[in-house]
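Got a structure here, written out as structure tokens. Questions coming.
Chains here go by letter, A, B, C and D, matching the order in which they are written, and residues are numbered from 1 within each.
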Amino acid sequence: MTDALLRIEDLTVTYGGRSLLGLRRSGVDAVKAATLTIGAGETLGLVGESGSGKSSIANALLGLVPASAGRMMFNNTDLAALRDGYPPEVRRQIQAVFQDPYSSLNPSMTVEQIVTEPLKIHTGLDPAARRDRAEDLLRLVGLAPTHLGRYPNEFSGGQRQRIAIAAALALQPKLIVLDEPVSALDVSTQNQIINLLYERRDATGMSYLLIAHDLALVHHISDRIAVMYLGHIVEEGPADRVYHAPAHPYTRALLDAVPLLDPARQRARRAARRSAPVSDLPRAATGGCPYRNRCPLAMPRCRAETPPVLPVAGGGTARCFLAESDIAAHPARPEGVTAP
Amino acid sequence: MTFAIRKLAYSTFAAAALFVLPATADPAGTFRFAEQAKLITMDPHNHSGGGFSYLRPVYESLFDRNPDGDIVPVLADSYQVDGRTVTITLKPGITFSDGTDLTADLAARNLNRVIELGVNAGVKLAEKAEATGPDQITLTLKSPDPSIIDALSGTAGMMVSAAALDDPALDRNPVGTGPYVYSPEESREGELRVYTPAPGYRDPEAQGLARIEISEIPDNTARLNALKTGQVDLAIFLSSPQAAIVDRTPGLKLLRQPGGTTYHLSVLDREGTQVPAFADPRVRMAMNYAIDREAFSKAVEFGLSTPATQPYAEGLWAYDPALEGRYAYDLDKAKALMQEAGYAEGFEFTMPSIPIFASRLEAVAGFLKEINVTMNIQTVEPGTLARRSRTTDFPATNLVWNNAIDPKFVTTYYVAEDAVFNPFRIKPDPKLTELSEAGLAIADEAGRAPIYREMLGRLAEESYMIFITTTPILFGASDAVATNETVQFRPGTDTPYFAGIRLGN
Amino acid sequence: MKLSHVRPSTLAVVIPSVAVLATLLICALFAEWLAPYDPLQQNLMDMLQGPSAEHWLGTDDLGRDVLSRMIHGSRIAVIAAAEATGLAVLIGVPVGLFIGYRGGWWDWVTMRLVEAIVSIPGIMVAIVIIAILGTGLHRAMFALGILYSTAFLRLARSVVLTEREEVYVRSARVIGASPSRILVRHIFLNIAPPLIVQVTLTVGAVLLAEAGLSFIGIGVQPPQASWGTMLNTAAAYMELNAFLAVPPGLAIVATVLSVNLLGDVLRDSIGRGIRLPEATPVHVPASAPARSRSSEPMTPRADDALLVDGLTVTVSPKGGQPVPVVTDMSFRIGRGETLGLVGESGSGKTVTGLALMGLIGAGGRIAGGRVLLDGTDLLSLPASGLEAARGSDIAMVFQDPTTSLNPAFTVGSQIAEVLRVKQGLSRRAARDRTVELIDRVGIPRPAERADAYPHELSGGMAQRIAIARALSCGPKLLIADEPTTALDVTVQQEILDLFRDLQDDFGMAMLFVTHDLAVAADICDRIAVMYCGEIVETASVDRLFSHPRHPYTSGLLSAMPHGASGTPPLPVIPGTVPPPGSWPPGCRFASRCAHADAACAAPVPLTTAEVPGQQVRCVHAAALTLEAAQ
Amino acid sequence: MLRLIGQRLLAMVPLLLIVSVLTFSFTALLPSDPVDLIIGDRGSEEQYQMIRERLGLNEPFVTRYVTWLGQAVQGDLGTSFFNSVRVTDAVMLRMPATLSLTFASVLISVVVGLGAGVAAALRPRSWIDRLATVGATIGQAVPNFWFGLILASVFAVSLRWFPATGYVRLAEDPAGWLRSITLPALALGLSTSAAIARQVRSAMVGVLQQDYIRAARAQGLPARRVIFRHALKNALVPVVTVLSFQITVLLGGALIVEQVFAINGIGSLAVAAVRQQDIPMIQGIVLVLVLVVMAVQLATDVLYGLINPKARPA
């Protein structure tokens, strides 16, 4: 894929491996050999439950935590190799919007200061020009230039997220990492922000790495979806294929767990679901497939071998032996019964 | 010239007390005394002022003063002074509480130690001691000293046992010939010293008490409270509001002992190395004139003391009526002198203080402020004022002059180039040296008085010793102690005689 | 801090404090002019006198004027506070910022040093430093400056460390701000509020310490007048003139008190975490009063487990007027039925749940209405009756299982406690029943888990425990307040299954509060949609999803990720939810509603729509064709 | 719990070492030569050298430190420069008075502080809350030694209920000990009880807003039980931290209050040692005080672990 903007290869992120008083502690791998690609103008949705490591990928990509192994090729630069921080020309191309609109804005800075801060650092614009640009940015995100002199605590959650987006857009980056950008917002505001993000993407041709826990939401707005489970990318592929024909049992479990908006269909699905006892096995399985302790389709083989990355019909890959044997054997509807 | 005393009648003061008490020999009761000075050391030869009472139960000197102020032999049997040679015969059969005997050799060793240590000003003129017989020692002087025997009735004459002299911890393990022994086990450092009768003491009659407790209470209020609540029977007081309160408290008596102390400032840096203004006698005179002694003694000393412009109070042989009113309070004159000396704008210096002197010094500072002299007060640990005054840490100091001691000590303490409180080693006026030498050459008081009066007159003109008030020695006592005739006080010192005290019941 | 935000009660503290400090400062600056006498001017004949016309505060042991000495003493106090605090800030803040930012060995060594200093009583540190430097005001203040610099050092360091983890600092790093720029521009700004508070605290502490050191004679030296040395003198003359101790003591108390009070006010005013009401409310002149009910009263039915009729709740913000947060709430829940209460944040759904339990927090008040549980009006019960009903007849499960279980006790003991208190079971029986209950909510190895502390359990497990506790006494009504919101989606599914399962077993009615219509679709029989403190629509779950009659319901349904069709732009409800106090007097949704017109300006009652059991609060309900779920 | 104690003890070793280095080196910074102080200006060079030799001052700094530390761990803190009093003995003799005073005031602070804090937290903005808050605010502004003077003047000098000065040892006369310690402990405990009351109040108010309190009340547990069992135990967690810090403050305050009541404790020993620049004594006092503080910290850590299960090692 020559037009890939970002290619993450075998990225591993380890926490807690610091030496303390000379005593080395073994670290915890938050991300294990993850491989992902984002093309120019493309949105990759990264989905997983809490603790799956999706935010760690974002932090590694943003240079906030070091990568302990692997490569992150961005425009032919290996970000993982930049140990002393990103040079400005890389920095300005990768921006971010974070989850919590209340803590992501410095409470003691005005909106103008927040929005023009990137301009001050990366451009030689004079204050007047910066202010003009800040006014433009506010208009772009649906706020009024009169808001420039205010402090973040004077805004609602949705408005704050708009300010955060304005600051991220200031340098016209090539890639924005969206780390759960709407999950702290009310339903009626969520879509406003999503629409804003997409309007901007279409206008500029940026790429997004969209991190979220809600597959349905991600499905709407991503070109491709990657699913993470305990640091592993277990499935990856075109958004529609992953959503409608999940190849990995975990992806399917995620989809099944989201209640349907149609009460009748939801009732039917629930009635068909066998109320399984709660598993007492640890969430993380050591050796073999990491999902096998939870997997309703686990086979003896899953214990012995780690499934390789396998191609899936309809595009993408899955780390599951089932993908190897018979892709077609699996139902293509998310509400399908999971009994073997 | 020969001056000798032969075979003075042996009498202890305890023996005098025996006349009024039944001769019960068993020690009984606890006598509790409160000191205002903290105990620094119990090594008599290193002792440098304040807190003699801690030593008295344990140590005896070669001589002592009786309640009438006469010098009497204690460990000595007799002495003879012949010019620069003092021959002392020891009383036979004196033993230390550790059972060893006081030999002439040991006595000489003791005296030589005092001389070598050089802490004690009284033996400044002594050169060396040697045993010249089984019970005889000879002390050689650098020059004749009429008060040498007086010196040997204080800490300089205290005899320490041979073993104790070798003990590096002598300062806390005293071993003497006295009627009581120190009990370190029962004592509490910094708080309480306990003494019990010495076994085998030669005069059981002097051991009237089962126990002596001396408390260290530097805080005036605390000492007053201890007296009020009966925690102590007798306490030293200086003129202080607390002493005034003792006088007014039912059940307590304030005992005024003759002698007393004269409070004075002494300018040490009188050549102006640290404080140039001090080099000018007019400045020092101005300071002398600036102090309102009447007000001082009324207010600061609560009327317990009298104004003083010389070391000795009226009635003592060295007292000079001519000096009376020499530095009567005269602020105008003081200011004029400052002007003359070129210090109208004043200057600044630092004065060491101990808590009991705090209010006095504040008052002095207030007076000096009037002539633009700023006196900063720096507190030093109680018990260390004398020691610090021997260093060049301060350009001036303030001390008390004990009226009971010989006027020759004015020279050895303050005047001579190697005087104790002359840390800047300032050479005195030759005339002063001449006068003090003359004062030593004569033995009788009548002959010496005019010489010392002249010397004190000259000193007054130099004005580096600024005398302020004379206070009698004050003791606060419970009524029982105040009326107990066995409790007697060593003239001119702030110590009772512990030997001989019996408690009434 | 804007003055308009300062409350009158705060002013009552600020004004006298500022007055005291201003007086102090004026005295310090103009002591020579203000003092009637020279502070060292003694008059030994007039010593230890009480207050008189000549000497307002009397004279001391040397007849010096106490008032004059007090005034000059205030200069010492100001110098002392300024010197020591200034030095402490100058040493502490830069070093703290540096080691906090630099980390590593610098940080480790410095912090161990600081810990060592802090583990020695402060006064001892000061005494030792004074031993090195000598006595006197400036040297003593130098000592205190060094001593208190540790507080500033730790403050600056901890601000750097905590702020460094803040998301906005991550944002700053992402836009490429250099570490020094982040430290100076982004972090340092935030150190100001705690720094100011710490300065006031330190000033107070310095004044006390200076007085203490001077009192024991190693601070300011006499005859210089400081309040501490004056107290030292007073101590000696306690029995002759006790009054001497009063003026300097009171001066110290008044000064330190003023400084501390100002510090408290500053801390309350400029501390982090204050969120003012959103600045762009819907523009309505006055907030809607807790208006009289607009809907028909409800009549109790025999099969009602719960009947809520006309419930109105107000909340009084600190020092403010009561604001209605729930108005005209009327709904019923039949036996064994589950009613979903759905709404966005701020709609009043949680308050409603708490109001039913009689547990609205401080400032909250039930202003009207009835809550009939099995025919008994809970609101008319005395406190003890309500307490008896809670747990036994009506129970609640909260949103976050990790905070709704007491961290200090084992989970088993928390269930057993309820059984013992409410049902009088013996220790043993309670334990057995607890293990049974834990087993019942699907937790493996129940006896073992009973001895675990909440933090040792996963969120899902903890929520199961909370459910077990709520159900332990077999309540008639269970209120579940967003019980799955804090959980992962797969765990949410398990918990929802558990709720259903248990409801079949226990047969209780359930009020299920959630913001997620899909969750409501899964678990509820009927749904009531809330908006701005009132129910805007209620219907059976099937009816609501297929035929929403309120524009808000319809808007929510189409905005749901599952409901929305295909690609962006996704359907939206324009604008934001107005906060309580800013509600329009008429239809509260009017400003965001595409169908609003003049008819919506008047209060709208909840009226029955075309189907029995479906009620809607919209004047246009009958006329509109609205989008349903998929 | 044993593991917690072990961990804490281990963590204290480096801290103690640093304190010992710190103490040892800052006394080396003393401006005046202790030998000069001891012998005055009169000593000969010979004497001077002799004393330096005896005091070991001719050794290099590190050697002196190691020697001193080696003896210190065996409980021998050396001998005073000015007399033959062993530092360990002097400190141990004075410690009981200071510790009595400190712990009596801790007791007062905890009882008063807890009571006032809980009472205030239960009824926020009521008169009792206002009273407690105002009292606590004033209490923190009152210098303890001044309060001591006032107490002494009223209850000792005027009313004569308690002795104005002095310390009676517990072993000697328990009733007398109690009487002698009451006023100083009250004086000392005032500001700490104020601090604790404020901490308890804010912790209680915070805890009472927690979900688990609402949950407990939702279970219909009696209010009293919820407050005293559920809330207080959690509110005590930050209070214990404050208490640990406050005990250090109290120990320091005791040094001053001792002077008001003429109690022969560590305070007067320390002031005297500093005035005389008695290096071994200063070192010993600081080290022993730090040991006391650490023992207190250990105790509070254990207490902390008891009431806060999260603090226990897994």
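Miscellaneous remarks
Heads up, the rule we're going with is that a residue touches a chain if its C-beta (ideal position, glycine included) is under 8 Å from a C-beta of that chain, and two chains touch if they have at least 3 such contacts.
Predicted model, so just to flag it, every value in this text is computed and none were measured.
Both subunit A and subunit D are touched by C.
Among the remaining chains, those touching subunit B as well as subunit C are D. Between subunit C and subunit D the centroid-to-centroid distance comes to 33 Å (mean Cα coordinates, whole Å).
Centre-to-centre, using mean CA coordinates, subunit B is 41 Å away from subunit D.
Between the Cα centres of subunit A and subunit B there is a gap of 91 Å.
Chain contacts: subunit C has residues 217-218, 235, 238-239 touching two or more partner chains.
Within subunit D, the positions touching two or more other chains are listed as 271, 275. Residues of subunit B found to touch two or more other chains are 221, 379. Applying the touch criterion to all chain pairs gives A-C, B-C, B-D, C-D.
Only residues 38, 40-41, 118-119, 168-173, 188-191, 217, 219, 221-222, 225-226, 229, 231, 379-381, 384, 387, 390-392, 423 of subunit B touch subunit D when the two sit together in their complex. Note for the complex: subunit C touches subunit B at residues 38, 40-42, 44-45, 47, 61-64, 135-136, 217-218, 221-224, 233, 235-240. Per the touch definition, subunit B reaches subunit C in the complex via residues 220-221, 240-241, 245, 292, 295-296, 298-300, 355, 358-359, 361-363, 365-367, 369, 375-379. Across the complex, subunit D meets subunit B through its residues 36-37, 40-42, 82-85, 89-90, 93-94, 163-166, 262, 264, 268-269, 271-272, 275-276.
Listed in rising order, the residues of subunit D touching subunit C in the complex are 14-15, 18-19, 22-23, 26-27, 29-31, 124, 137-138, 140-146, 149-150, 152-153, 157, 209-212, 214-223, 225, 230, 233-234, 237, 248-249, 251-253, 255-256, 259-260, 267, 270-271, 274-275, 277, 282, 285-286, 289-290, 293-294, 297, 307-310.
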